[in-house]
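The following pair of complexes shares a single chain, chain A, combined with chain B in the former and chain C in the latter.
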Partner chain A sequence: MNKFKGFVYKEFLHLIRDYRTMIILIGMPVIQVILFGFAIRNELNSVNIGILDRSKDEMTQKLTSKILSSDYFILKEYLADESQIDAAFKKGLVKEVIVFESGFAEKLQKEGRAEVQIITDASEPNMANLALSYTTGIILDFSQSLSAGKDRSFIITPEIKMLYNEELKSVFMFVPGIMATILMLISAMMTSITITREKEFGTMEVLLASPLKPYQIILGKVAPYLLLSLVNLTLILWISMTVFGMPVRGSMILLIAECALFITTALSLGILISTVAGSMQVAMMISLVGLMMPTVLLSGFIFPIENMPWPLQWISHILPAKWFVIIIKNIMLKGTGFSYVYKETLVLISMTVFLLGLSIKKFKTRL
Partner chain B sequence: MNDNIIITEDLTKKFGSFTACDRISFSVKKGEIFGFLGANGAGKTTAIRMLCGLLLPTSGKASIGGYDIYKDTEKIKLNIGYMSQKFSLYEDLTVKENIEFYAGIYRLSTKEIKERSKLLISELGLERSADSLIRSLPLGWRQKLAFSVAVIHSPKIVFLDEPTGGVDPVTRRQFWDLIYKAADDGISVLVTTHYMDEAEYCGRISMMVDGKIAAMGTPAELKSSYNVGSMYEVFLHLARGKNE
Partner chain C sequence: MRTIFFIVRKEFRQVFRNRSMLPMIFVMPIIQLLILANATTFEIKNVNFGVLDLDRSPLSTRLASKFEASPHFTRTDYPLSQKDAEEGILKDRSKLTIVIPKNFERDLIKENKAQVQFLINAIDGGAAGIIAAYSQSIVRDFNIDEGMNLINVITPVQSSTVKVSYLHWYNPELDYITFMVPGILVLLVTFIGMFLSSMSVVKEKEIGTIEQINVTPIKKYEFIIGKLTPFFIIALFELTFGLFIAKLIFDIPFNGSLTLIFFFAAVYLVAVLSVGLVISTFADTQQQAMFISWFILVIFLLMSGLFTPIQSMPMWAQRITWFNPIAYFIDAMRMVLLKGSGFSDISKHFLIMTIYSTVVTAYAVFRYKKVN
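Moving on, here comes the complex of A and B:
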């Protein structure tokens, strides 16, 4: 096994000599987690709103103060009539306008129902959606508290119905996705590049003409990136747990085992790419376009899979990242055990076996 | 056992309808320097790749060091050295690391690796550059080092595929000194080149034209049989012959 050890040592030397790439590979996940965690929040923070109160009674004032006391909204303007709504949006003063119909309290008392109109600035769709659902949530809560303890019900109907996601913390949604993306990037892309590099520089010929076995060449190439992936995994978990308070409610050992499985899947994908690609550029393009983009866009960590048209949903099924994200979310957020994720795990295992088998078969021992 | 290290018989390689090597038969003795000469695309590299186990021949027979190239590929790999057309050292590793790496994959023991790399570095006069990256060495030095690394495990035969491409004449001469030294140590050398002056350095030569061996013999024999003064003229004669 001496020659194999020497080979792995040489691979580590490559990695260390190319310190720029290594800094990027270690720095990127850190920056991504922090960026996603702090900058790209899905939570609502002090959205400017306007209120058009046609009723100006006790009820509308109560509801208004409840909305404002939530800390999510800041009242920028009391609007006098409908014509001012458009202007307020166009000036960018407000992102949302809440309109109470006239005779709000009276209607509520007599008929048991009243209407609120919520208008949002949909040029920022994410924000609009969130503001909308937050507002609806608060209104719903308000009407429930009115009805509580009384034998009659008060219903305030908001124009649009959406469920209020009470604990919407975006970093919790992003961390599993980032883990999938980073592990995919390092394992698949770097492996495919490091193998094609030998091809491009002509050293692969020499290696193949040497007594090294093909599987030793592959394993040796993969080893440093396996280690690097594990280092990154630790980093991502550590930052998300300490900085963002992300819980790991399930078993840590199970979590790491599942991550190791996903890394193996990604590594075998990388080997497969390298058997197809003739140059480093091609390997990089295939990894970026064929792996990274679908992983980021279709694995369900940015856009919900349920909302995709069926061809994209179908594609998402063949992405290892999709299954990995489901597993990780289950273990970290819901704290479920293996019995709840065994199906997804089986999918990942079969993908890995298939990819590894295919890439070993395709890896040419001759030119 | 005879002392022929390489024996080939009607070795042929086809890529689709194109025949890169057409029924090549030759033999190389122990310690002999055998040259493959020919224009680009004449089939020299294909022939070497088949013998190294990198390409599977379409038909024909060949044995290296008594091992069959179809069946005993693994044993052959232990007994050959190979220097490819492209540069075969790692540019981001140091001289020493390259030597130790190649010595390591040829199953030399740690002690042997140390001894041989020390000897090799001092023979090439590279003591001061032992810890610098290959990238920083001049091309000529790299080529000499690549050759020394290819024979570090004392193979029975070393294959050199256009080893002196882009190297200046002085360094080329030094390179050939290394080849002679290896041959003196009993290592057979199979070298391809399209430099006709290098042909004069070889013990025996096979001239390849369009995948076939057009002529074979010592440089002196070839020159006298075509009644010309230099290998260059022999080559022109053969190459022109094919066009007529």
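Moving on, here comes the complex of A and C:
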């Protein structure tokens, strides 16, 4: 047991001495959570618009000021004619142009209808779509307020209830994903690199010839990264709870247990990679291309999986991160108990058993 | 000049001798473009929804079928009670559940107004906002259509309505891939440029050959130019290859001038390669160099406007993006390719990029010392 302690101590020293990597491993999740919490947003917020007002009467001014009084739009410039629209878009000055037809107020009064045209710069499709629907909403509200009292209008008011995330904070969506990527990065990637490093430097033979049992070697290798993962996990949870008010609506114990399960999955994946890869470079490439990229892109934490073509959806099923993200969202945000996530948990457990079995089979005690 | 030529030749040989490099240059861009273009979509279509119709009147059925007819929604849940409706969202059977209350039709006809409840799973806040906007616009249309029918029958009164029509320029079908691919091309060029340049000097350090170069009469600038030129050429090749795939597979419009794109790319690459060089003067091992460049790239990328628009960020974050070279190139790329912007439209981008390149290159030359 004493030998084992010494070995673990040596491994910790390895990790701590490379302080640059340590800073990145601890700093990365913190910066990511803060960026995602404060900066990465997808909602509409101060879009620059242009207005081409062909009639410049009381009505168009009223409607313009109504549009601008919402926080969504900022008037960047008044356009004089149609030909300026293209130039304004090409310079990137405005994202949307609102065109009032000539004689707007007059038509509205005499004919009972007047027309507004909205032209969007759809080279940014999401933005264009959002801006359009917000503007349309404001204009139709205006239109309804005009007819109010005049006729028997017919109004269904939608009462919208945002469940689990009333303020639509984007950080709620991203925290589970960041947890998954960071645990993947540290547990799988770092573990695989540290084991292959011994192989590459030739010190693996020394270790194997020592009285330590193979499982002790692996355990000792894995221990520092296990601890680092836990530190990171606590850090991410702490920041997202205190700074961003992210709730843990379900049971904390269940959350920790599921995290522990995912860490085990990631560690066994790392061990498996190290048995396959011959050099650090290869281990790094496999982890980066085969693990990190799919985890970030296909686990559904930034981009919704439902909208991807079926081959990508299929790949996402074999990623442990996808199941983990579902579990975490359920526990933290929806506050569901184990009965709602037992299927996903079973998937993770069977993946772990499979990966561990495979790596035991592949692990060679001779070189 | 001759010295530089020899260093360039040596670097090229080293790159191509490395077996794992060739797939990195030729296969990775295709895979990245194919996967990224398809995976990085915020497009909201086929939202699963359910309807809890407590009224079961002709009008409530019409409202439900109005949602069914929308291309954005697919009906997947048929809850029977309020509890069942909430359970449906909890179990991810639906993202949106519409609850039409009892006496919906009666209230509408008698009092001209009624309420409908929309329950939305808001964990993905961005998507929830869009789903809410879609639902509201469907309800608005329904108000106008059905309201007209009803009102005209009862009392034909003259009303004043503002009619809204719209046009989406440059990308009328709101195709997300068209939007993403120009940005991904930038990513492609940046990845290869930054990784290659950040590894190159460290590798010499790690193997120890840097000492040999240091004792030769090669000048500092000759060494740096010689080191970076091959990566510059490879990255530009990568861009050409990527543009080719973008046109061939994704049919991305090339509305602007390609010369302008390459010209901008050249200035941009000088900056990226120099950043890589600066990293490699800080790192001791290739692993460290890789981690540091990966760290910087992730932050640059998240704040580049590639995935989420920069205008949506808070002001302090927008100020940080002023120092992000990727943001300028992505913006320029989209403007030129999709909108056909010319040189005068992106002259500001050009100016900033030129200053950026000059400063970073100067710093890289300053950081690199021949004596350890």
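One rule holds for everything that comes next: the second predicted complex is superposed on the first by the 251 of 367 C-alpha atoms of A that agree within 3 Å, B and C clash if a C-alpha of one lies under 4 Å from a C-alpha of the other, contacts with A are read in each partner's own complex, and residues count from 1 in each chain.
Heads up, the rule we're going with is that contacts are C-beta pairs under 8 Å (C-beta built on N, C-alpha and C of every residue); 3 or more make two chains touch, one makes a residue touch a chain.
Keep in mind the model is a prediction, meaning the values are calculated, not measured.
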*asked:* For the three-chain arrangement built by superposition, which of chain B and chain C touches the greater number of chain A residues?
replied: C
*Mind working out whether A:246 is in touch with chain B, chain C, both or neither, as first, second, both or neither?*
neither
*Is A:202 contacted by the first partner chain B, the second partner chain C, both or neither?*
first
*After lining up the shared chain so the two structures overlap, which partner does A:210 touch, if you call chain B first and chain C second: first, second, both or neither?*
first
*With the two structures laid over each other on chain A, which partner does A:269 touch: chain B (first), chain C (second), both, or neither?*
neither
*Determine, under the contact definition given at the top, whether A:108 touches first (chain B), second (chain C), both, or neither.*
second
*Determine, under the contact definition given at the top, whether A:10 touches first (chain B), second (chain C), both, or neither.*
first
*Based on the superposed arrangement, let me know which partner A:119 touches: chain B (first), chain C (second), both, or neither?*
second
*Would you check which partner chain A:18 touches, where first means chain B only, second means chain C only, and both and neither mean what they say?*
both
*Which superposed partner A:347 touches (first chain B, second chain C, both, neither)*: neither
_I'd like to check the shared interface: which positions of chain A are touched by both chain B and chain C across the two complexes?_
18
*Tell me, which parts of chain A touch chain B in their complex?*
2-3, 5-7, 9-10, 13-14, 17-18, 201-203, 205-212, 366-367
*Name, in rising order, each residue of chain A that touches chain C in their complex.*
18, 20-21, 24, 27-28, 31-32, 35-36, 38-48, 63, 89-92, 95, 108-109, 112-130, 132-137, 139-140, 142-143, 146-147, 150-170, 172-173, 193, 280-281, 284-285, 288, 293, 297-298, 302-304, 306-309, 312, 329, 333-334, 336, 340
*Hey, which residues of chain B end up touching chain A in the complex?*
49, 52-56, 74, 77-78, 80, 82-93, 97, 100-102, 104-107, 109-110, 133, 159
*Show which residues of chain C lie in contact with chain A when the two form their complex.*
20, 35-36, 38-46, 48, 63, 86, 89-91, 108, 112-130, 132-137, 139-140, 142-143, 146-147, 150-151, 154-155, 157-172, 174-176, 178-179, 283-284, 286-288, 290-292, 294-295, 298-299, 302-303, 307-309, 311-314, 317, 320, 331, 334-335, 338-342, 345
